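Per-chain residue numbering starts at 1, and chain names A, B, C and D are given in the order in which the chains are listed.
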Amino acid sequence: MCRWMAYSGNPLPLDFLLLEPQHSLIDQSLSSKMAPKPTNGDGFGIGFYGRNHEPGIYHSIQPAWNDGNLRDMTHHIESSLALAHVRRSTGTPVQQSNCHPFRYCEWLFVHNGLIREFDRLRRDMAFEIAPELFPLVKGSTDSELMFYLALTYGLRDDPSAAMERVVGLIERCARREGIDNVLQMTVGIADSETLWSFRYSTERSSRTLFYSEDMGVMKEMYPEDLRGHAFTEKSVAVVSEPVGKRPEHWLEVPESSVVTVRNGQVAIRPFEPASA
Amino acid sequence: MCRWMAYSGNPLPLDFLLLEPQHSLIDQSLSSKMAPKPTNGDGFGIGFYGRNHEPGIYHSIQPAWNDGNLRDMTHHIESSLALAHVRRSTGTPVQQSNCHPFRYCEWLFVHNGLIREFDRLRRDMAFEIAPELFPLVKGSTDSELMFYLALTYGLRDDPSAAMERVVGLIERCARREGIDNVLQMTVGIADSETLWSFRYSTERSSRTLFYSEDMGVMKEMYPEDLRGHAFTEKSVAVVSEPVGKRPEHWLEVPESSVVTVRNGQVAIRPFEPASA
Amino acid sequence: MCRWMAYSGNPLPLDFLLLEPQHSLIDQSLSSKMAPKPTNGDGFGIGFYGRNHEPGIYHSIQPAWNDGNLRDMTHHIESSLALAHVRRSTGTPVQQSNCHPFRYCEWLFVHNGLIREFDRLRRDMAFEIAPELFPLVKGSTDSELMFYLALTYGLRDDPSAAMERVVGLIERCARREGIDNVLQMTVGIADSETLWSFRYSTERSSRTLFYSEDMGVMKEMYPEDLRGHAFTEKSVAVVSEPVGKRPEHWLEVPESSVVTVRNGQVAIRPFEPASA
Amino acid sequence: MCRWMAYSGNPLPLDFLLLEPQHSLIDQSLSSKMAPKPTNGDGFGIGFYGRNHEPGIYHSIQPAWNDGNLRDMTHHIESSLALAHVRRSTGTPVQQSNCHPFRYCEWLFVHNGLIREFDRLRRDMAFEIAPELFPLVKGSTDSELMFYLALTYGLRDDPSAAMERVVGLIERCARREGIDNVLQMTVGIADSETLWSFRYSTERSSRTLFYSEDMGVMKEMYPEDLRGHAFTEKSVAVVSEPVGKRPEHWLEVPESSVVTVRNGQVAIRPFEPASA
């Protein structure tokens, strides 16, 4: 059910973040340890802020572990804020438009988890999207609809409040349809400066999510010889499951909360679905 | 803007229909003569009735001319009723869920043409689709929405009447939005026994569509040595542009009409968008 | 390191053989139990004898578990002799020309295993291939070279003897280069009537290979309701690892041997690399 | 038979070079004007020097005009020396390992043209490749063998002399086999500082190749508003066919010659196949 990783800090080549660590995100595409199933081979995507405010995206329908361009592309792109995602489809087709991150102007969005019995809620969710945003939906995933609902509900002003409204809507629709435990989500959202990371599920037993408190944890992702020239005090990572050989040094994002990272500062606040 | 071909008749291997004729549909993917642009290289698809009522589909995001499996697959599948389509995207992504034919139970649907300023009409069209059909939409094309609208409007009982309602709806929505000449379409629809072929455009100057009146025309698609063991009296083909070296022997489907082929019988009727 | 399956018997739809069993080959692409690594997601292929002596092939660079055409294609193709293969690359690119089965005229070839330090042996192997066959090599795998070497050494007359010469050559080249335990292989070869299955490794500790002695084992691959209308006394399957929920009913192909299946008859003989 | 473009000059984003000009290389993938056939839709590739001496490569089996990642990738990568190539296969498979540029250490290589009856020469050419380079051949094209032959013959010391030996070899082999007019080629070679561009054919009637003498020609590739912030005096481009709306301002590379571009200096010398 997908794995993702976000990085905020000094500019680094993407391969250093995604390929070189031990048990890296790309390794997790082949054999994740904490996901319900180990293989996340139904495509992947990388979003990164580089030359300007609008982020670049690379989407592939190949598994990340065998994509022929991944190493070269990530080696030649540096970023100070990036989101990467390896996908395990829960039923929708393997196509680039279903790969995360989704993008709207300077915003990026990744999701791990699912909406149970999504087919029964899809139309109500789609209807609620602002008409001017509706034509931008290109794929068929629950995740993409969540993103456009968040944009409809004010993501650009307050991502946390917008996501609380999105989850409130999904849970109300689910109650009406009699669907239990409708939502599992860890979500990463970024604009060009800030990273928001959400961990929530209707059943309050959410998929794992971790963050690094200090750059020491991140340095431990690497063999000795790669540690010197990398992270600064302001480097923070958020990951579905720990990267590196010291998983115990990562901090768990608390249940039902949102972590905000900006300029090296980490803030954690409770996440509460909006009632209406 | 796509090319398509339909065949109804005695069972034949699909490669005989799609690959071996001169200026075959696969040739038309590389260099069509009658389309506004010659290249139809944004994926393709084949639907065919074989072992049972539900048709098989092969969709590819490669151009038909270089797909590595096309020759082998078509050589080993025989069909008495088939629809094939080479795509030229008018803006939506190249992904299998945007490849024609679309399928619902025993029904197949292909479309050549476009809805002008589709983004402005997409939401209204989507919400007119019957709620139980809505979750089945997997791609992002105008064509797929037309198909699900037709199913909503009674395709399974009367394809012609359903398509007249679909076109009526699109043209009403377009008038409301001030969009001129909104629709260009040739459409092929099949169940396991009958083939319906529509030619229509709002401006009454529609993309080309032709049919073969007798098997002699079809035999002329082939070099001498391939003609013997092929078609019977009941074989009929419908094509976006003539196949074979005798284009003048094909009959043009009249403007604003629908051709029905069943058991070798061809019937032509006027097509008139429904007023409400 | 790949999984494969071969079937010889009464004509059956390929989906019945490849998709419907419990722990089917397609399941094994995602989570094999007996391979050194569980994921075989680097493309797959199916070869089958159908309309005529030359077999058809379907090759895909997608993982078998998410290929959008696999279900439809296999549902509409019946075969009395078929070979299917899910690939785990040992370093060579994921491309259709590296997918098994390989084909030459009426012959098919699949391989599970590897040649250790293949790069050091590749040139010697390549130049041993008969000059008239050399231009037919399209990919870059050790497996394809083994196939063309076998053809060079008389595969068309005596597949077992040819494979014994191929292995002899590889082991001689390896000795010269100082490479230990050079070869791991289970290999499936078919023409339109006979299936040969080899199990061998230089270290005499070969990858697993099993066969079904009677159709009862094959029926057990399926839930109760699917058992009735399937296999005859002449049905035999060979598999990298048992399919179905009764793995203990499959028979292990002995170390260093070749199993020949023809018209329901199974014969097992020792396999001994040729000395020169 | 392919189109290519090379750029040497001040660092520029690749999209500015490849996508924004009028009749750009990407347009030429869909509708080239000077190639024997207009469509070059059998994959493409881009090589570029960026962070360090070893160039990056992006290879795609999609047509360049519909690749979903091309715009984003090229927008975020700047280069002062780049080679791009859109492919039209002359028979070999559409796979990433057959896409140009080919790479060895800091060297890149693109080829437009073909070796006639390549299958008859392939083995002799392969045999001539230095044994330590032989295992690096990953695809099945004539072009890749030419590159590894050039490396065998001293490309790293003197690209022109090496290419003269490659062509000499091919023509000798062809004479032995009785193949007329064996070679058509325009070839681009780069290391991190210099660009070599060859135009040659056995029949001395070679595929087109052009270069820009001054940056004014390059500015004319763009609409007025994009011209200001781009090229310096040292910018030079080499193209299979002119880019921009002033094709007459480009200079033709003379028949049987090699153009060397380094630090804005252009030198042209005759190209003469080596006799042995």
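Keep this in mind: a contact is a pair of C-beta atoms (placed from the backbone, for glycine too) under 8 Å apart; a residue touches a chain by one contact, two chains touch by 3 or more.
Fair warning: this is a prediction, and the values are worked out from it, not measured in the lab.
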From the listed A-B, A-D or C-D, the one duplicating B-C with over half its contact pairs the same is A-D
Given over half shared residue numbers means same and under half means different, the subunit A/subunit D interface is same
For the pair subunit A and subunit C, the C-alpha centroid-to-centroid distance in angstrom is 40
Among subunit D residues, those touching two or more other chains are 68, 93, 96
Among line, ring, star, complete and other, the chain contact graph is complete
The answer for subunit A against subunit D in the complex is residues 13, 48, 50-51, 56-60, 68-69, 72-73, 75-77, 96
In their shared complex, subunit A is touched by residues of subunit C numbered 30-31, 38-39, 41-42, 61-63, 65-66, 68, 89, 93-94
So, in the complex, the side of subunit B touching subunit A is made of residues 92-93, 95-97, 118-120, 122-123, 126-127, 131, 134-135, 137-140
